[in-house]
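Have a look at these structures, which come just after this line.
Look at the two complexes coming up: chain A is in both, with chain B in one and chain C in the other.
After this line comes the complex of A and B, so read on.
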């Protein structure tokens, strides 16, 4: 029984070894990426041991290592919580990261700073592990901030490019807004429950958990790119493809959802927060699916697909199924990372071409990438008995048979069919048809680094759903009986999306593109959200500050309030109501005549 | 009524006529306005001094102050008209409105 904690600590320490080695000569070595990849694979294999032990015996552990400080009555220590969620997520994350590191050895092999890249990836992985295994909110916050910082550094990897810097800054700012919610929750727990430990929070009963749960919802909105704080995720595609595959599909963006899953005992009894989560997730999934329909950059389509799936996870939390959401996190990591890696393979093969309008006909040229792209898309849309089916279909079934908001449910179903639509769009434009790229490129995908990494994730995409869902301990009881039309809903809308998208693409293939309609403009400009929010708010605040600083005292108070306003008003009203013609002599003469006449009459009267 | 009053009253009537009947220059009506103010001032001072209305002795001064203000206003209007048209002919005020 001692092997549990020692194996886990060993796995985590193995991960930190290359970071420690970075101050030695090993870092300048050309083999450093290989060392990092091997360290990750060893950590994965060692962490499988505690996971197997957990699956077999249901043993959970809390490792409380080091007492840091005690602030009056609150004790802060470094503690790791190895329960159902962290024990299953850690091997999945390590497996996906292993494949991504092998992939980035191929993708970034011509980069002069590749050692630093791997160090950043490893640092990110370590902070993600810290986040996932944290037992108190302080450690979670350390991991939370850590993944945010590493995301900033990695998105802005090619820092000579303005767009990359803007995107990195955008990511940090939007995450910061979410962090405000997190800190509010921490403050509330500190004030009312005198602790930051998860165990003590769950034991203490309190009437109203609305405020801290709202803070957690805000934090999840920021980190997981829900509607309102979502524009950073498509902009984050400025980073290299391995970064997109690791951070913005499998690991970092699920941190927000993971936080809500961690706090599910508090959310179980709070109907308000559940409804808020449900509606927020439903809006997110539909909005981002609509935006994904008309994008032309392959990475942006996959980014919006990630955003849509994150909304689906929030919907799952909103119908009080945290375990299903967690299952979706684990299965989603496989096929989303693989989709990103396939798009990276396509991009690199076409000499850094990211626009799907300039791809095509890769079906025969890149057979392995084609295979994995198609399997990944099928898994994403929930093809029966691939990976996505085990989580996504269960989610749709639970949502259909639960007493929930019908509007949110309808939106989720529409978004599910749109998922199939844009997946068809990717496959149609990238793989099928005649080539639309320049024929002067040598296309070769025959590199073992690339093939092996995608192959591992391919096997994972096909089998992992089955393996995971049949190995885990049963948690909430899935709905067993439902009418057949509800059971077939997910499959039906997905098939509808596929067929519709395929027909539309085939029909309009040769037609000329006229003026875009209003709906097209809405979708391709991301619902005008970045245009409005990124320009209107700063412009308003700058205008207010300029006006109040320069015009408030001088121009308005001293000049305009009395003198100029009076003269302006008088002039306006006199030009409005006067109908004189300026015949002064006439007026004076008539006045004189009237006076003389009146004097004469009054004098000679009587 | 003694002779003084009739004299000054005549001066006032003359200035009034001069103001109401003028040919082309706006300046002449302003000048006659000043003449009216002057005759009023003299009449007021003579009346007050003759009838020993001591407490009303400040009224001519007040009248002078207000006459000055009004003269300034009239002159500013004249200057505005003259700035726009170059001369102070009255017929200018009936030309194109702008």
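After this line comes the complex of A and C, so read on.
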């Protein structure tokens, strides 16, 4: 059984090899992207061995190796936790990243810094692996922050563009707000439990976990772009498409949900936090689904759909089903990465055109991309026996049968139906109908790098859900029996969404576009959120820092109270006290008078 | 301790007797050798202090600061080569001698075992710094800055002299090593409150505390590069070091005297970091970020728990290296653009990609990316303040967010975006500059591997 940990460590070490190589001459080589891709694929294959063993035996392991430091009674060492979550997630993430890397070899082939791009992608993946396998909060935090910083670098990859820089800064800012929650939780655990090791945290019993769990929820809200801290996720579309694919599928955004799943033993019996999570997730999933409805940028629609799915995962955690949420993370990774790669293929083929109104009729020119896009969208909506079905259907079912907040559940159902609506919209506008793009474009999707990478994920999107959900029995038992109509709800609302959206699109296509209604404006302006939060808040805070902190306090008050007033009073008092008034004439006159007087007197005397 | 002090003194004849083309190389190499000796003090084999003589000692609080001081001299010499390239030879030698003199005073300050001796050397460091700022600064405002620098610190520290004489009078000794065994708890009275203020204000001004910080941005902006470096890296830390040493005398008065200063620091760190968001002047931004980071150290020292002391010590070392590196980077921009205004130095990543990497790393350490020692310091401080009062996490959290914002704002403004046309024909970055950045960054990274040597005596 020693193979278990050693294989896992081998897989992780293989990932770091291209990073180490980057200081050698190989980094200047044109084959460097190929090496990175191969390393990732090898890491995937090797990591499958311990995963198989885990599936077979169900054995959890903790590896502790390098002792970092001991502070008083707290020991900090590098340790990896190889349990259900990390053992399943690592191969999934590696598989998806492998495909994305192959895809980016095609997508970024003309970039002069493609080697650096691959290094960043790999670092991004490594930090995610650190996050997933960490067994103590400090190591988790290293991965957590590392993911944030790598996303900053990758979103701002085209650093000449102002939008890319703004989006990158936005991502860091929103994540940083979440980090405050994480740091607070770390501080709380240290003070009250005196440990950062996960297994030690879980075995201690403390009645009141509200504060640290709130911190974790804040952290997850920031990282997983839940309502309130969500705007960075659609803005992150400024990055290259492979980055969006990686960011939205298996790394970064699921980290927040993963954190809550990790700390689920603490949440299990805490109703307050569960309700909060449920409501937060429900609001997010509905709000972002509404926003997705009216977007015209293909990447933005997919991005909002990610946000909506993340809300669904939070809902699942809120109804106390972390294993289902985790299953959804894994299945979601496949088809979401593929959706992004398909839209990347479309965008690249149409000369960087992202507007779905200028596409149309692509099913004839891009047959393979069309197939995968449709399968991906169907999997996303939870079409039976595709990957999404195995997690999404279960989630809706267990939500329907649980006796929690009915409003939250209703909202989730509406959002599920909207998922089908915006998926229809993508398919309808990009793939079907007449072409609306310029006829001069040479379209060719027959590149093995593109085809193979999408094909691999396509197979994943069809079968992964079945394989994952059938090889592993979830530990929390989902609801097994339910009335017939509840069983059919998920499917019914999805079908309803499909049909409605299709009919609406068909009937309104020829109509003249009237002055948009307020509902439309709400959706297309993203609920006025960026307008309010991204203009008002920075403006006020920057004005305050300029006017009050910098001008009023620093340049006027502090300057006047101490140095200026002291020098002023010194000057005043010295001129006041001094008997030298500068009256030269008078002085000389008196001097002369005295001289004359004295001369006279002395002469007289003499 | 003489094995550091005498070689440092011998650096002066070395400077004056070197051949004109060898002055930089000789002094830098020799300075690096001295810093190697100082590393041996990092090994503190037992709980007691290493007493070199009656006058000098070192423990695990002063040893990292000592190592930082000696490490910084060669870096300062490397950084100011270009700045002084047009000066006549005598003035170059004078400049180097001033830096050496400053290092000499600093070494003795950090290792002095007697409070009066410490005080004299603490004041003595003002002289070479003042000369460096007012003689080699770039603009006429340097005279005003020198005035601010001198008078703020002098006014703050004069009461300390009186307080020390008084303490010596009733205690009979001012030796650090003995005082900690003889000390009686101070009763709560008005005169003792003034004693507390007199003892602490000197260091608070030096740190600087928000409200008394005006001299710092001015001094930083006007000082030549070496002056900024040593000011940010070591001179501010004198304040933290002094506070940690002297609070042992002032118990239990600190428990309630700390409140106004804690409030001022917590408030000030948010104020100063929000000032950073609006700075257009690169050096001024870095200076204000120093004020904000030092406010964390003040909070940590005033809380007086083992974790907060560890955090304060780690943060001082981390900030010393980071801010010094940021000043070096700002200077390398200044030497090319001839302006400190950030907006004039946009898009440098296109032209100087390696420099952009240094900028990135420096900004990341400044915003405390794990697992650097900056994070360890900040994390411990946040934790101890959280345990002191849960509410402080809000202020600390805001500060963490703003710190990340202005660090990346600085990075994006200078490195990202389109470059402007007037910087098209700038010089490429020199090996000297790259080596300088590496020498700043290497200790940061290596210390992250084993942070316990800079966690201070309580660890």
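Just so we're on the same page, the second predicted complex is superposed on the first by the 539 of 606 C-alpha atoms of A that agree within 3 Å, B and C clash if a C-alpha of one lies under 4 Å from a C-alpha of the other, contacts with A are read in each partner's own complex, and residues count from 1 in each chain.
Operating definition for what follows: contacts are C-beta pairs under 8 Å (C-beta built on N, C-alpha and C of every residue); 3 or more make two chains touch, one makes a residue touch a chain.
Since the structure is predicted, the reported quantities are computational estimates derived from the model, not experimental observations.
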item	value
Superposition-derived comparison: chain B or chain C, residues of chain A touched	C
Contacts of A:601 with chain B and chain C, given as first, second, both or neither	neither
Touched partner set for A:577, first chain B, second chain C, both or neither	neither
Partner chain(s) touched by A:588 [first = chain B, second = chain C, both, neither]	first
Partner chain(s) touched by A:159 [first = chain B, second = chain C, both, neither]	second
A:406 touches, of chain B and chain C: first, second, both or neither?	neither
Touching partner for A:142 - first (chain B), second (chain C), both, neither	second
Contacts on chain A seen with chain B and repeated with chain C across the two complexes	none
Chain C - residues contacting chain A, complex	148, 151-152, 211-214, 271-272, 274-275, 277-278, 306-307, 310, 347, 349-350, 360, 364, 369-371, 379, 382-383, 386-387, 390, 393, 396-397, 400-401, 404-405, 408-409, 412, 415-418, 450-452, 455, 459
Interface residues, chain B side, partner chain A - complex	16-17, 19-22, 26, 29, 90, 93-94
Complex contacts: residues of chain A adjacent to chain C	69, 71-72, 138, 141-142, 145-146, 149, 152-153, 156, 159-160, 162, 165, 168-169, 172-173, 176-177, 179-180, 183-184, 186-188, 190-191, 211, 541-542, 544-546, 549-550, 553-554, 558-559, 562-563
Residue numbers on chain A that touch chain B, as the complex places them	581-585, 588-589, 591-592
